[in-house]
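What follows is chain A paired twice: with chain B in the first complex and chain C in the second.
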Partner chain A sequence: MSTVVQPVPRSFGRTIGRRFRDWLPALVVFVLVLVAWQGLVEVFNIRQFLLPKPTAILGALRDNRSDLWSAGIVTFKEALGGFAMGSTAAILVALVLARWRRVGGAIMPYAIAANAVPIIAFAPITNNWFGLLNPMSKMVIAAVLCFFPVFVNTLRGLTSVEPASIELMRSYAAGEIETFRRVRIPNALPFIFTGLKVASVLAMIGAVVGEYFGGPLDALGVVIQNNVALFDFPLAWAGIIVASAFGIAFYAAVAVAEHFLTGWQPAADSRSD
Partner chain B sequence: MASRGATVGPAVRSAGLSVLVLAVLCAVWEAYKWIGERAEIRWPFPVNERTMPHVHDMVGQLFEPSRRNGPLLIDVLLDAAAFTAKEAAVGFVLGASVGFLIAVALSQSRLLQRGFLPYIVASQTVPILAIAPMVVVGLGSKGVTGWVAVAILAAYLTFFPVAINTLRGLQSADPRALELMHSYAASRWTILWRLRVPASLPYVFSALKISATASIVGAIIGEAPSSIQEGLGGAIVNFNQYYSLEPRNLWATNIVAAALGITFFLVVAGAERVVVRRAPENVA
Partner chain C sequence: MSAPPAAVSLAGVGKTFGKGAVRALEDIDLAIAPGEFVSLIGPSGCGKSTLLRIVGDLIQPSVGDVIVNGKPAHRARLDHDYGIVFQSAVLYDWRTVTKNISLPLELLGWSRGRRNERVREMVELVELSGFESHHPWQLSGGMQQRVSIARALSFDPALLLMDEPFGALDEMTRERLNMELLRIWERSGSTIVFVTHSIPEAVFLSTRVVVMSPRPGRIAGIVEVDLPQPRGAETREQPRFFELVTEVRERLAGSGAATAPTEPALVTEERV
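== the complex of A and B ==
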């Protein structure tokens, strides 16, 4: 009996060792890149324009951390609001179109083509709709950006159900709502999360870039833009790092939610993108 | 004859359906505007001639002179679109080539993959577009012409999806086919060229479709902060300043930008249909 249980702790220790060995090359690359970056900037005396030294960026980050943090929060709220609006709308529309398949199938190509529209270029228009300082102007851009990946993935998840499962539900005389609740929606969850993860990144990008076309002075995009204009590149890069950190944290939060909500699902499509 | 009818039929139907979808969208727009103006909708934004111009006014604006005695707006915008398309296309080709080559290199070495793949994946969660002003202004200060700097940005945006998807595609080759190649003592190069690259093509094209859009967005956003006037991004910034006087100019510009994005996408999607369908024949 005990010999059967024994392998577990041993292999656990080994996984940690293997984990470390898996990540070692990545760590080495990270350090090498940073050292080479710092070294090249110093040796060739590249001006701060193109590429400030990593230490200069870190210094700017440290000196302005409270300003950058509050700017990040302002922008993140816009991203979050847009994410919530866009994803909710996308899931609702996908649910409706999955119920009426013919309409859904006919609309799908247009949704994909509409996704090719440079939506961020519409930021000046939403700025004019809602006013530059109204966070709604960035939320709408983020929402439209989020809509398409969530919509396309949700619809795919709701409709790529095993026919046998549907037949089984039919044989139990289950209604359309019951079929959605028991088969289609659980099947769609991994797909929905794939879309939500893409959307989380897009929402942050939409908010930051939307602010490039104008916004409140305490928003991250405006801070980055203004410091580029002032040629204060270390501070601008520090702003980018803050934006990236919020983007990655957002993505990670969605990934954690996915882990808890779809843990029982076979890994399906959740790995892609 | 019958087969010809079968191929023409769906094309005509999908063209008709496209017109119908567009018409419905315009009708929804006009209906919301009509109701909004009469009901004096103030939320989420006030509906009036300034916020929501008539669809026919926006399109009609394209055929008005852009300034007194100047060329028609559509001529100005088509020139701008051609300029932006040049930036995006150069960047797209550059980024896709580099992305593909790097994926091939990574597919040949586990060590390289472990070293670099985490960063390629992590970089997808970074707002790459946010560095647009820095890249363009930074390269500009090094004496790089404006449009080249924007093309580099478009290349950067194209690179990541292509690299990731190509790598995934190269690794998606059927293990049994790989074993067969090994049993024939096929060289690395032969396996790559005959098996892995054809297997990767569907993945490559799904990335190229994403990148086609990304390169256009990158080009437009790249122009905005760098005061490049010749392209669509410059036109958007310019007309944005006069929005309260003439909102239809900005709307018309955005219609052209949307059309450019969809055109790029459709070109890549068309290339996919030709290449991916033929790939198996080339292998055989």
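== the complex of A and C ==
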């Protein structure tokens, strides 16, 4: 019995501790970059519209935190809505294509071709469709961006099942629904989360870029663009930082959900992603 | 041999793949009595795994009849008459040992209480107590295969089909699991059809060894294994064990040549 691999202990405190050790080098690099940035801007007297000082950006961030926060929430809601719509549609379509492979053969070429379309270019058009101020006009862009990565990964997860697994279910006289429920979908779960993590970042990008083509004044993309027009570059940069923070937080939330839903995976918390 | 109602009865079974291009199996006639332990042995490509899958209704024969427990194989599969163990354990990583074993019970709609009780029995039977909440990837290959056997036996299938279950294991683990399998077979009383590459394994486990020849796969001969039951480590040291190993080996060697099956008469005798 000595050949048994002991289970990875899942103590949360220990995980945090190890995470901190893992992240320490990255943290050091982050601080060094900020210091170098500040130093370069000061020494070479770089103009603010090219690159503001980190301290100026932090100042703008502090002075406008409540406006930026509420703008971030407006944009994040659009991103979240688009993420939900795009991912749900992607998973449903992947389920259909995994069940009826022939349909998949007919549709796949178009799905791949559609992925090559620069979706962002449609932003002005969705603004026309739904109206500038309607959050749906941004959600649709985010949804379309989210669709492909979730779709491709889900389909791969649903179809990359050991043939013997399917034979086993057949030997139990299990039907298609049971086979999906107990084999294909659990098997696809880690793949789905890979897609969702990519999609979470794309959703935020889609929403912000959609807002660049017009949107409510209290949305992050509009705030960034207006402040560039007003030459308030530190505030524009602060807006970009808020957008990034929401994107990172969204990604992290999906990663936490992944940790809890696919915790059965071998060494799930030692992967570096 | 007397003729009790057969657990498995194959009559004129043949299988061709690719519109007749590849003849995988031809003229297979075989009857297996309830409680028998029958091994199918032969070189790679002799169609023994295909034959096992035909018995299990996972592949349809091109010709011939497959009757299991007095009904067509398809009906038998729908009635959950089969427990199957593959060369790889085919366990689900997202399920613990307990949940893997209870999978077929869930599909059969057993209540939670009944499932738990049965899983406890099975875990004891395959000696995995203490590992109930482990995930498959935390177990050694031998332990994984024991989970797979427990799962196959959990719902008391009339017929246990095993496709080289110990083929990927080291020799020592294989011999230990051979002993365990015999003990389980004696206790459960199920009928076992066992595909293997290993001559000593076939002789040690079986009541009969079916020797198959390749291209197309046919039954080249059947060796009755008259070693006394119950068998143990000392069985492998008996002169009779070596005689039987030699007999199977000679049949295999004789069947390797591209000639007709050596003893078709022996095969037809086995029909019920």
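Quick note on the criterion: the second predicted complex is superposed on the first by the 237 of 273 C-alpha atoms of A that agree within 3 Å, B and C clash if a C-alpha of one lies under 4 Å from a C-alpha of the other, contacts with A are read in each partner's own complex, and residues count from 1 in each chain.
Please note the rule applied: contacts are C-beta pairs under 8 Å (C-beta built on N, C-alpha and C of every residue); 3 or more make two chains touch, one makes a residue touch a chain.
Because the structure is a prediction, the values reported are computed rather than measured.
Of the two partner chains placed by superposition, only chain B is touched by A:F213; chain C is not. After overlaying the two complexes on the shared chain, residue contacts for A:E167 are found with chain C alone; chain B is out of touch. Touch criterion met: A:L189 reaches chain C, while chain B stays clear of it. In the superposition on chain A, A:E178 makes contact with chain C only, not with chain B.
Touched residues of chain A were counted for both chain B and chain C, and B has more of them. Residue contacts after overlaying the shared chain place A:A84 against neither chain B nor chain C. Chain A residues in contact with chain B (one complex) as well as with chain C (other complex) do not exist.
Contact residues on chain C toward chain A in their complex (touch as defined above): 53, 56-58, 77-80, 82-84, 86, 88, 90, 92-95, 103-104, 106-108, 131, 134-135, 137-140, 142-143, 161. Against chain A, in their complex, chain B makes its touches with residues 14, 17-18, 21, 44-45, 50-51, 111, 114-119, 122, 124-134, 137-139, 141-142, 168, 209, 212-213, 216-217, 220-221, 224-225, 232-233, 236-237, 240, 243-244, 247, 250-251, 254, 257-258, 260-262, 264-266. Remark: chain A residues 3-7, 162, 164-165, 167-168, 170-174, 178, 182-183, 186-187, 189, 262, 264-266 touch chain C in the complex.
On chain A, the positions that touch chain B within their shared complex are 22-26, 28-30, 47, 49-51, 106-107, 109-110, 113-122, 124-125, 127-130, 136, 140, 201, 204-205, 208-209, 212-213, 221, 224-225, 228-229, 231, 233, 236-237, 240, 243-244, 247-248, 251, 272-273.
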